[in-house]
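Take a look at the structures below.
The two complexes that follow have chain A in common; it is paired with chain B in the first and with chain C in the second.
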Partner chain A sequence: MDTALAALYLIADPYVLFIIVLSSAFGLFVGAMPGLTATMATALLVPITFFMPPVPALAAIVTASAMAIFAGDIPGALLRIPGTPASAAYTDEAYAMTLKGQAELALGAGVVFSAIGGIFGTIVLVTAAPALAEVALRFSSFEYFWLVCLGLTCAVFIAQDSAIKGMIALFLGLTVALIGLDNPAAVPRFTFGVTDLMGGIDMIQAMIGMFAIAEVLRAVAAANLRLPPPKPVSGPIFKGQWLLTKKYPVQIIRGSAIGTLIGALPGAGADIASWITYATSKRFSKEPEKFGTGHVEGIVESGAANNAAVSGAWIPALVFGIPGDSITAIVIGVLYLKNLNPGPTIFLEKPEIITALFTVFFLANIVMIPFGWLAIKSAKQILAVPREVLMPIVLMFCIVGAFAINNSPFGIGVMLVFGVIGFLMEDNGFPVAPVILGIVLGPMLEQNFVTSMIKSDGSFLFFFERPIAGMLGVTTLAVWGGMAWKGLRALRPVPA
Partner chain B sequence: MLKRRTFLASATAASAVAGLGFKPARAQAAWPTRPVTFIVPWGAGGGTDQTARIVASLLEKDLGQPINVVNRTGGSGVVGHAAIAQAAPDGYTIGMITVEIVMMHWQGLTEFKDTSYTPLALMNSDPPGVQVKADSSYKNVKDVVAAIKANPGKLKASGTGQGGIWHVALAGWLQAMGLKPDTVPWVPSNGAAPAMQDLAAGGVDIVTCSVPEARAMLDAGKARSLAVMSPGRNPAFPNVPTLKEELGIDWTISAWRGIAGPPGLPANVGAKLVASLDKAYKSKDFQEFMAQRGFGTVWGDPQGFAKHMAADDAKMGSVMKALGIAKA
Partner chain C sequence: MKINDLVAGVVLFALAVLILVYAQTLPPMPGQRYGAAAFPTVVALGLGGFSLMLAGQGWRERRPDTRWIEFSAWAHERHTRGNFVIALVLIAVYVLLSERIGFIPLSIAILVFLFLRQGVPLRRGVTIAVATTLAIQLAFSDVLRVPLPRGLLTEILW
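The block that comes next holds the complex of A and B.
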């Protein structure tokens, strides 16, 4: 009860509420701009959250990312360009509805079911995270080692176009993670005598580079910076949404549940959740032939799923410090900056902040409905902002953010280098998310392996001796075995 | 308020690094005439940062100029400590130095050591405790010692990274009992909090971190503190005895934090700073703030601080050499 009151006190602060309103507007804007993603919205918030106490800082990230995922639907429906990759799965469907004169229904479904999916994901987060933390308190380095292995595996094999490219990206991240002094033996590695490199490569600086600078570079490289004028939205947006809710209850729950689960899996976030649930929706639909012709069913399901994934991703991030998606990878960095080290102990040490965070999740998904309505109504104005104005502003925010992490110009250099790497990778079809996962999980992998070996006096058997560790270990080995089997079968020549 | 200060901090740091900074102004009798940068080599929100921020706010009130706290993190404190030592000695850049400065140079991580600064004031010192899991069979520190002696190498300890302060604390304690410093193998961790969690999870047997760092787990009933490596008991934990009381050995150690400037700080600036720091230390604000967090307070004037660092430097050097982690 004391915790709830303390949390309420933290949230009811007008400053926090003001931040929620501002970051709603910010998230909606960034999400609605094609090319600017929810991850980028979070990365751009870093320099601002830097000057805030923990609760408003986290509130800003939660609100902005949830809003951005919804707002990605707006240009999808009106321009046939998804605002964020999380809306790409059903962009054609939504645009087809617009052509049929149902833009209001499509966008209304986007906002209403995004909010419902987000709330569903939040309920799972609120119930699952503390329970999982209670279990995780009994985790030692053996269990963490296997969890990290599973997380790294997810990065490679969940819905990447090419597992090889995913793996190359992951190993690039793991290699970057080797740099610096903060390894179990406290020996400087790859520092070349440079004091700044002793701290290693900062994950947030690398992320700002890969997600935001790379986008600035792409905008510069792209010839056409102007968007075509969007289709107008005139009618009522919420009309008919209640009917949809009654018509598709199974789709809503299924989309939310799958979305939350995919969000919670490391390496996969809202975009993958939305592709997968759009597919399940079509597969189990009574009218699959209508999909692609401007049918709302898939939008209901995957619109709920991508927002559920945003909440779901926080479960492993808070409990284990393992990011569920690229947004929570930044969140983990911000948590460390605020001295709120993620892990099961955060639920013991800062329960009021956790409760306040959960409340923010509910608030953000509720205010999504009125703010979303506003954003849809002002879509024309938002989409008219010229990119040659926008991109320099983005660049400025990036520089401030990278500098602010440790008040060193070195960080700006790190950001720029990773921006170029990210640009080149995307240009050649390499996913960048596994790089980030590698940077975040690499030190955890090494730390937990080395400390486990010290504790077990060099015996590998200890990795299977503790019951939970044994279970996780067997699961990991089974997944690897399955992957190897699949790979070998693919290599075998097909009999003629 | 906070926003303005941090913004100014970034702005001044930015202009300095961009090469727009002026030549170090000759320190005048009127010092300070502009904002002072206060470098913290550790991250925002941690114990060092919290201590630095309360000291900075008290200095600000007393000196009448903004004191901008700048966290120069990275490289296990190397980066920030170097930034303080290399700043222009004009009184406009000072910082908080921590026990790591008498440790890192032994490992060959930096050339800077205690004599690379103008010491101003020692303000805080936190001795480590000997923490075990709440349901462990060790009732007191004597039980722990008996177990260590019965099965050398079996018990594992943690609390910080390899060669960190709590590792040295453990090794020195073992040496003081006539045991080899690696009788209890060290499991490196990313700080005290993960080590305490691993203790509760049964991954390690002993954690030798400071009592304020262990507090959350102690209060949650997941761990117990059996002894403290200080000359006297901690007033916040009066039931935890000292090593001397329990084992009759003289090993004491602590993680300390003090204020220092670059070498060659003008005498008038130093005198003004020391007077102001003395006032801050004696203030109710500082004492209450530290007591609330369980942080130990101790005062050392420039000479006392320098002497303390020199003694600690020798102590760290001998233990770290015995551990085989010192380069020299």
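The block that comes next holds the complex of A and C.
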């Protein structure tokens, strides 16, 4: 009870509420603007959150990311261009509805079921995270080693177009994590005498590069940045949503549950959740033939799923320090900066901050309804902001943001290098998220690996001796075995 | 820019070999068998293994007309190629010159340049560039206390 009151006191601060309003507007704008993503919104927020106490800093990230994922639906429905990759799965469907004169219903479903999915994910987060933390308190380096391995494997396994490219991306991230003094022996590695490299590569600067600079480069290289005029939205947005809720309860729950689960799996976030649930929606629909012709069912399910994933991703991030998606990869960096080291002990040491964080999640998903309505109604104005003006401004923000992390122009150089790497990777079908996961989890993996090897004196059998470690180890090896088998089968020549 | 899997695999394999060789030069932890070299070795082996698989895949899928490196549409067009290179160069220029010239003049110059490239009229471009720069300066330098480089304007403004 004391914790709840303390948390309420932290949230009720006018400053925190002001930050929530401001970051809602920021998230909605970034999400609605094609080419700017939720991850980019979060990465660009970090330099600003540096200067805030923990609760408003986390509130800003939670609110902006949830709003951005919803707002990605707006240009999807009105221009057939998804605002963020998380809306891509059902963009054609939403646009087909707009062409049928049902833009209001499509966008209304976007906002209402995003909020419901987000709240569902939050309820799971609030109940699952503390329970998991109880278990995790008993974990040793062996359990953490397998958990990180399993997490990294998930990232490749789920996000794969090509599993080989996913694995390479992951190992590239781990390679980046080798740089600097942060290793069990505290020996400078891969620093080549450069003092700026001693502290390692900053994850936020790398992310601004890979997620923001790569996009800016893609935009400036495009022949025409101007957006066509969006279709008008004039009717009531919430009309008919209650009927949809009554008609599709199974879809809402299934979308929210799958979304939360995919969010919680490392490396996969809202975009993958929405692709998978759009597919499940069609697979189990009574009217699958209507999909693609402007049918709202898939939007209901995957609209709920992508916002549920935003909340779900926080579960492993808070409990184990393993990010569920690229947004929570940034969050982990922010938590460390705020002296809130993620892990099971955070629930014991800072319960009021955790409760405040959970409250912000609920609040953000509730205010999404009025703010979302406002954003839909102002879609014409938002989408009229010229991208040829916006993109250079985003570039300037990236430069200043990367600089602000450690007040050094070197950080801008890091951002530039990772921007080019991210651009090249995307052009060649390498997923970017595993790189970030590798950078974040590299030090944790190394520490637990070396500690375990020292404890076991080099014997791998010790890695399976404790019950949970054994179970995690066997699961990880089974997944690896499955991947290897699949890989070998793919290598077999196809009979002509 | 599409790089053929065979080329990418070979380049990444070379990187893995370099990491492996470098890792063996790292000093051991006194009294321990596993130290600074253990993890880089594992990473190098993993990266090397998967790079070889990628190269193998590229080799199997090669055709007589396979191009090792293929440029995308924007790279063939002079204007868009220019935009891409200019964006990279401008960031590099900022890294090298920001301490000397300062945030305000460099930011205005970079923004105006990029706006003009994107077809924004000069007057409008200059106005937005100045307004944006001053807003960033105010927000980051004055409110958030980020020491944006002052450069040439140190004597004049501060």
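Rule of thumb we're sticking to: the second predicted complex is superposed on the first by the 491 of 496 C-alpha atoms of A that agree within 3 Å, B and C clash if a C-alpha of one lies under 4 Å from a C-alpha of the other, contacts with A are read in each partner's own complex, and residues count from 1 in each chain.
One rule holds in what follows: a contact is a pair of C-beta atoms (placed from the backbone, for glycine too) under 8 Å apart; a residue touches a chain by one contact, two chains touch by 3 or more.
Only a predicted model underlies this, so the values are computations on that prediction, with no experimental measurement involved.
With both structures placed on the common chain, the touch criterion links A:Val450 to chain B and to chain C.
Of the two partner chains placed by the overlay, only chain B lies in contact with A:Leu337; chain C stays clear of it. Touched residues of chain A were counted for both chain B and chain C, and C has more of them. By the touch criterion defined above, A:Phe403 lies against chain B and chain C together after alignment on the C-alpha atoms of chain A. Contact with chain C, but none with chain B, is seen for A:Ile393 once the two complexes are overlaid on the shared chain. In the superposed pair of complexes, A:Gly413 makes contact with chain C only, with no contact to chain B. Look at A:Ile168: by the touch rule set out above, it reaches chain C but stays clear of chain B.
Look at A:Gly199: by the touch rule set out above, it reaches chain B but stays clear of chain C. Once the two complexes are laid over each other on the shared chain, residue contacts for A:Thr3 go to neither chain B nor chain C. Using the contact criterion defined above for the overlaid structures, shared-chain residue A:Ala221 touches chain C, although it does not reach chain B.
Looking at chain A, you'll find residues 50-51, 184-185, 400, 403-404, 407, 409, 450, 454, 457 touch chain B in one structure and chain C in the other. Those residues of chain C whose C-beta lies close enough to touch chain A in the complex are 1-3, 8, 12, 15, 19, 22, 26-29, 32-36, 38-40, 42-43, 46-47, 50-51, 53-54, 56-57, 72, 74-75, 77, 79-81, 83-84, 86-88, 91-92, 94-96, 98-99, 103, 107, 110-111, 114-115, 117-120, 128, 132-133, 136, 140, 143-149.
Those residues of chain A that touch chain B in the complex are listed here as 50-51, 137-142, 180-182, 184-186, 188, 195-200, 202, 336-341, 343-345, 348-349, 400, 403-404, 406-409, 443, 447, 450-451, 454-455, 457. Those residues of chain A whose C-beta lies close enough to touch chain C in the complex are 47-48, 50-51, 164-165, 167-168, 171-172, 174-175, 178, 183-185, 187, 189-190, 213, 216-217, 220-223, 225, 386, 388-389, 391-393, 395-397, 399-400, 403-404, 407, 409-410, 412-413, 415-416, 419-420, 424, 427-428, 445-446, 449-450, 453-454, 457-458, 487, 491.
Touching chain A in their complex are the following residues of chain B: 2-3, 6-7, 9-10, 13-14, 17-18, 43-46, 49, 70-76, 78-79, 82, 107, 109-110, 153, 156, 158, 161-164, 185-191, 193-194, 196-198, 200-204, 216-217, 220, 222, 325.
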